[in-house]
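Chain IDs A, B, C, D and E follow the sequence of writing; residue 1 opens each chain.
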Amino acid sequence: MIFGVPLQALMGQLLVGLINGSFYALLSLGLAVIFGLLRVINFAHGAQYMLGAFAALLLLTVGGINYWLALILAPLFVGLFAALVERTMLSRLYKLDPLYGLLFTFGLALAIEGTFRYFFGASGKPYAPPPQLTGAVNLGFMFLPIYRGWVVIASLAVCIGVWLLIEKTKLGAYLRAATENPVLVQAFGVNVPLLLTLTYALGAGLAGFAGVLAAPVYQVSPLMGSNLIIIVFAVVVVGGMGSILGAIVTGYMLGVVEGLTKVFYPEASNIVIFVIMAIVLILRPAGLFGKDA
Amino acid sequence: MAATLATQSQPRVVLSARGLGRDFAGFTAVNNVDLDVEHARIHALIGPNGAGKTTVFNLLTKFLQPTRGQITLLGQDITNTRPDKVARMGLVRSFQISAVFPHLTVRENVKVALQRPNGLSTQFWLPLSALDRLDARADQLIEQLGLAQYRDHRAADLSYGRKRVLEIATTLALDPEVLLLDEPMAGMGQEDVAMVAGIIRDVAAERAVLMVEHNLSVVADICHHVTVLQRGEIIARGDYATVSADPRVRTAYMGSEA
Amino acid sequence: EVSDGVVKIGILNDQSGVYADFGGKYSYEAARMAVEDFGGKVLDAPVEVVTADHQNKPDIASNIARQWYDTEQVDAIMELTTSSVGLAVQALSQEKKKITVNTGAATTELTGPQCTPYGFHWAYDTHALAVGTGGALVKEGGDSWFFLTADYAFGYSLEEQTGNFVKSQGGTVAGAVRHPLATTDYSSFLLQAQASGAKVIGLANAGMDTQNAIKQAAEFGITAGGQRLAALLFTLAEVHGIGLDAAQGLTLTESFYWNRTPESRAFGERFKERTGVMPNMVHAGTYSAVTQYLKAIQEAGTDETEAVAAKMHEMPVDDIFAQGGKVGPNGRLIKDVYLMEVKAPGDVTEDWDYYNVLATIPGDQAFLNPAESGCPLVQ
Amino acid sequence: MSAPLLNVRDLQAWYGESHVLHGVNLHVNEGETICILGRNGMGKTTTLRSIMGILRKRTGRIQFAGRDMMALPLHQTARAGLGFVPEERGIFASLSVEENLMLPPKVAEGGMSVEEIYALFPNLEERRNSQGTKLSGGEQQMLAMARILRTGARCLLLDEPTEGLAPVIIQAIGEVLQKLKGRGMTVVLVEQNFRFAAKVADRFYLMDHGRMTAEFPVAELPAQMDMLHRELGV
Amino acid sequence: MAAKSETVASEHVAAHPRAGQVQLALVAIALAGLLVAPMFLYPIFLMKLLAFALFASAFNLLLGYTGLLSFGHATFFGGAAYFTAHAVKVWGWSPEAGILLGVAGAALLGLVMGAIAIRRQGIYFAMITLALSQMFFFFCLQAPFTHGEDGIQSVPRGHLFGLIDLNRPMNMYYFVLAVFVIGLLIIRRFVNSPFGMILKSIRENEQRAISLGYSVQRYKLGAFVMSAALAGLAGGVKALIFQFATLTDVTWQMSGEVILMTLLGGIGTLLGPIVGAGLVVTLQNYLATSDFPVTIITGLVFMVCVLLFRRGLVGEFFATKIGRKMGFRSES
């Protein structure tokens, strides 16, 4: 017993927190990639997450394409859509104050969500997990649905892969430099516009991937991302805006913290992340993993 | 205040540092620097790139907090004072990378500086015309620095060199007791260099000036006192002739030909 | 006799949000159907139905209502899904001296402390839900409860009334956990419910919240582990939404089921032809409310509010929705409600035939006695 | 004589609506170092930025190594062999010194190796792991030069490379430029520091209000001193 | 935030010599229009418009003149609405006292939020205000006096100074109009004051302002609190107009809406937020009764504004030759 909570229940909550954290990590990773490299706060991230889930749903219902294929196709589709948006619209905003990027994607999010709401209604649509991953395993302290276990593994793998790509390759250096002075990097011979398009597509694709992962867990609904996005913002800020590693670690961590809050003081569970964010920003303005500005 | 009168003939130290030091993550940028800046004197701080000159400026103006040492301004310990407070006490600096208010006109730039000493900065209930009485002084400064022609241009539209001149004008507007200039001549054309040097000499008649400058002919011309930094430490001090004769200074900074 | 020559009814509800299926556009269709069935005219004046989406926000709802009354000659507003909207519009309408008939909101406050002379509550309320679902499950041995409650007024009152009822029947309440409105992940709350060991987990929430909670309960083996779920506010529309695989075995309370009597069945089929879905109690309730309002105008011979409201209080309600229903002095329509069980997928023989009707709960048990409702209009 | 490596004809350029270059003509032969002199605000920086293609609102003709540069997208100019050191240095804060150094892609063989560069600028080696913009002003200038030397560019555009540098470093940079010249590097230098320019340049242009107003080889320098005094106040 | 936007064509169009009179005439016409408007238009709609116009103007005071993008202004607007509604309904205060309480409460909230957020700049500032206002939202959701999702309903309008019956629509309208005009005059003066000049210079180059001896944080905080108080004024008035205070007014979507209004009209212009608020409110009013979801339109308007009319409608107009001839100057 810990503070009157049975250990078994606590273990269960920790695990559940970790599962939620997996989504936070994936989403905040995408957000951090986009912010870190484009200096755009991608308010449309939640909408892109929703697009991923809807893409999977539509692939299934219209095209009869199964979960596993959707796991690859849906993020590609979302990435493609994002690339289109970036090329035609977002790219015009780079030379401006980053706040314009935030406002643009804010509008984009409203428009996408509004459209889906118009055509699909606000209520959720079910999406069945793949047959290979149905059922649950009894861990002794709880029933773990196999699918949720898979969520943790898949998200961890993707997070590590993306982190390596950006921190350990030259590509990452180009991207970081292009953030600061795109014209100069281009003058050095790097095709910066292409790079930025790919980055945005990657970030959005990650959101789409999270969306597909989420489809069987939550309902597929037009508003599934709009509630999440603000929390993910907070995660990114706590981790340190633009810090890839920070986003990942903080994502899992805050998932767990939030899970525990639900046990000890449920009323605070929806504000605990913001409280942490405020405290972190006061004590360490650059975030837990951020470099000083 | 009788004491002030008595000591006027002797040099009066207005800004001094003792044992000043600053570390950056294990790297010592400034170490054990003692410095005395005197009223009505121009003091040059020179040294190779990366010697720590700008860092010393940042420490003295409190834009950076020193790791070690003590700073005294006009007899008061300012080691733990905030930078804006330090500025209000009469220590004003310019920046190495030029710093102006780009969307304001030249005159407005100067007036922003004039507002504070004239006690016209917090009145949110007064109309802007309350600032009109600063015009005369602003125009005078602009004139003095040869910017009259650009008075109503936006600072952003000025060339680099003129931005530097404008920055000096704003700094002078505060009529500071101690003036810190970080490479005031950098990026200036020759004719401007001579003009600015003249201005610095003039203003130094009533105040102390500490400047970082790589243009050695200017240093030789107008500076009464030179301190040479290398790797964060002082390697020589004295007047220009003494310092430039020092072999350590020659190898570390001036090179063979200067 | 009809002011400004036309009778206008406003259907104000959530048409794009979490309750879009619960009432939504379908309620508007139900109202239009009622007007058509009535002949399109009352006292020789044409009847019009207007509609708007209040997005679940009481302020938007108030604004629309105010504008309808002030500038568009609307005579009565109906549907009004969600309690906050219901209360806001009912209060405003009293000030403006207009009739409201609420078919979508749950709170008993509407006919309790905040009742008004011109406000009616038609389809169901939290008390009926508590008595229906709560009572049935306690009787079946579900005597210890744990609540998963939406963290706002509607959730509290549903939890409180059900809890009280459970206790009055000899059951116990093992605990409750509050979840924020529009939560997507219930796993942590469900684990707590599971750990409590209660026999019944009462879902004191609505709309998409309930749908998510039910689905996830299945995943975490809650129902498999022997605990029962009681969705306290759940209708045919939501059952259709999550599918029978997840919904089967649920116990719920509704005041209407299309496949209960031949009349209701005929109505349901006509409705489905128009809208593509079978009606739930909100839709059928709206049909009934509009019909009764028009009848009252007819009877009163005027559309003047006092007179019509008086008639509505007086007249019995007999239609596809209510048989022998009567309206209390607090505005509450008192009629039978039904306890349902959701069929297993294999037992469904016909589209939309999702329920077994377990029991009929007589109106005077389901609803509070007006005298005890706390309504100041009832001495 | 073969065609010049870089040939600029009637170059005009604008910032927004303000017309800054009014028909600049200049050429640089392979292996030559030219220096553009001129007072503040005359358009020297603008000339370099237009050649590089950073400033895109421009007309006229720019030929480099026989190619028309006007149509080339910005990221192709470097690949054509032009290297640029901007006046404001352009060091990246989010990259370490070494990452800054390694950033520009190699565009051709024949660039300096990292060892050579560190030998030339020992400060950089010492601070290689610190954040780029934490370097002192002078160190940043060195870094800006150094990173272009690595890429193998054939022609360097240097915008006031000695600004804010200590005399020893200026001397060192002068030596570097001599050394590069020895290797056949072509350089376009914009300078205010006349004494420095006199030591490295083969030919001078004088710029005034967006035009080249004079051109003379280094041999004529003594004869031109009077004019320069007048124009520049040297 | 306008600091980085492209420079306006430097070609100078001199203001027409009588530009001042033209402007004055325009203001007079607008005022006259507002005075007679309730004869032709639905007064509640007009009042809503005025309240939001004031809110957007208060917001613009911060964004347009200090460059701080607050994503939490709903806190002050909605918070004040709660304070006013509670004071008037529960404590039986007079409407003017209730509004003053709202303003004071908003200022206090502004002081607290500002003191935390001002330490950071740009996007970080926006994120912190967003998070803090989200915390305030959850506070309002759970604090008993706000009545959660139901809000405070049926707030009496009462008698102004114990004399004027605000339940009569016309009285209420002219009261709101008066508050609106006073609010705008305060903003106008604030912006064009010595204090405003310092704010402008801080936005341009903060480091330099510090080195000139200005305590930058205090000036920013001053502007923040002022903006919060005026947003509170708008919120308090709104509570009386509609006779309720609800959660809608403290959501982050409300903060987004006020940004939209300001952006659409023109950041950094006095007129812009008013025009923007007018458009958004009208649009919402129109769409509330149509089939088409408001959010799609809102989203598209946002995108188009950011992409094509960054100066906003008013700012774009000011930047045209006609605008400049008339002596207008857009800040960006």
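One rule holds for everything that comes next: a residue touches a chain if its C-beta (ideal position, glycine included) is under 8 Å from a C-beta of that chain, and two chains touch if they have at least 3 such contacts.
For reference, the UniProt names are A = Amino acid/amide ABC transporter membrane protein 1 (HAAT family); B = Amino acid/amide ABC transporter ATP-binding protein 1 (HAAT family); D = Amino acid/amide ABC transporter ATP-binding protein 2 (HAAT family); E = Amino acid/amide ABC transporter membrane protein 2 (HAAT family).
Note that the structure is predicted; figures quoted are calculated from it, not measured.
Chemist: Farthest from subunit E in C-alpha centre terms, which chain would that be?
Modeler: Comparing chain centres, D lies farthest from subunit E.
Chemist: For the pairs B-D and C-E, output the one whose chains share more C-beta pairs in contact.
Modeler: Most C-beta pairs in contact, of the two: B-D.
Chemist: CA centre of subunit A versus CA centre of subunit E: separation in Å?
Modeler: 33
Chemist: Subunit A to subunit B: how many Å between their CA centres?
Modeler: So the centre of subunit A lies 49 Å away from the centre of subunit B.
Chemist: Taking the mean of the C-alpha atoms as each chain's centre, how many Å separate subunit A from subunit D?
Modeler: Computed from C-alpha means, the inter-chain centre distance equals 44 Å.
Chemist: Could you grab the centroid distance between subunit D and subunit E? Build each centroid from C-alpha atoms only and quote it in angstrom.
Modeler: Chain centroid spacing, subunit D to subunit E, equals 50 Å.
Chemist: Could you list which residues of subunit C touch at least two other chains?
Modeler: Counting only residues that touch two or more other chains, subunit C contributes 16, 151.
Chemist: Of all the residues in subunit B, which ones touch at least 2 other chains?
Modeler: Counting only residues that touch two or more other chains, subunit B contributes 157.
Chemist: In subunit E, what residues contact two or more other chains?
Modeler: Subunit E, residues with two or more chain partners: 3, 6-7, 10, 142, 293.
Chemist: Provide the residue numbers of subunit E that touch subunit C in the complex, in ascending order.
Modeler: Where subunit E meets subunit C, its residues are 42, 44-45, 48, 141-142, 147-151, 153-154, 242-244, 246-249, 285, 288-289, 293.
Chemist: In the complex, go through subunit C and note every residue touching subunit A.
Modeler: Residue positions touching the partner: 16-18, 20-21, 151, 177-180, 182, 184-185, 187-189, 191-192, 195, 207-208, 211-212, 215-216, 219-221, 225, 238, 241-243, 246.
Chemist: Can you tell me which positions in subunit A touch subunit D when the two form their complex?
Modeler: Checking each residue of subunit A against subunit D gives 170, 173-174, 176-177, 179-181, 183-192, 291.
Chemist: Taking the complex as given, what residues does subunit C use to touch subunit E?
Modeler: Subunit C reaches subunit E through residues 16, 50, 52-53, 57-60, 62-64, 66-67, 70-71, 82-84, 87-88, 91-92, 95, 151-154, 181.
Chemist: Where on subunit D is subunit B touching in the complex?
Modeler: Interface residues on subunit D, with respect to subunit B: 18, 39-41, 87-88, 123, 127, 130, 134-139, 141-142, 160, 163-171, 192, 194, 232-234.
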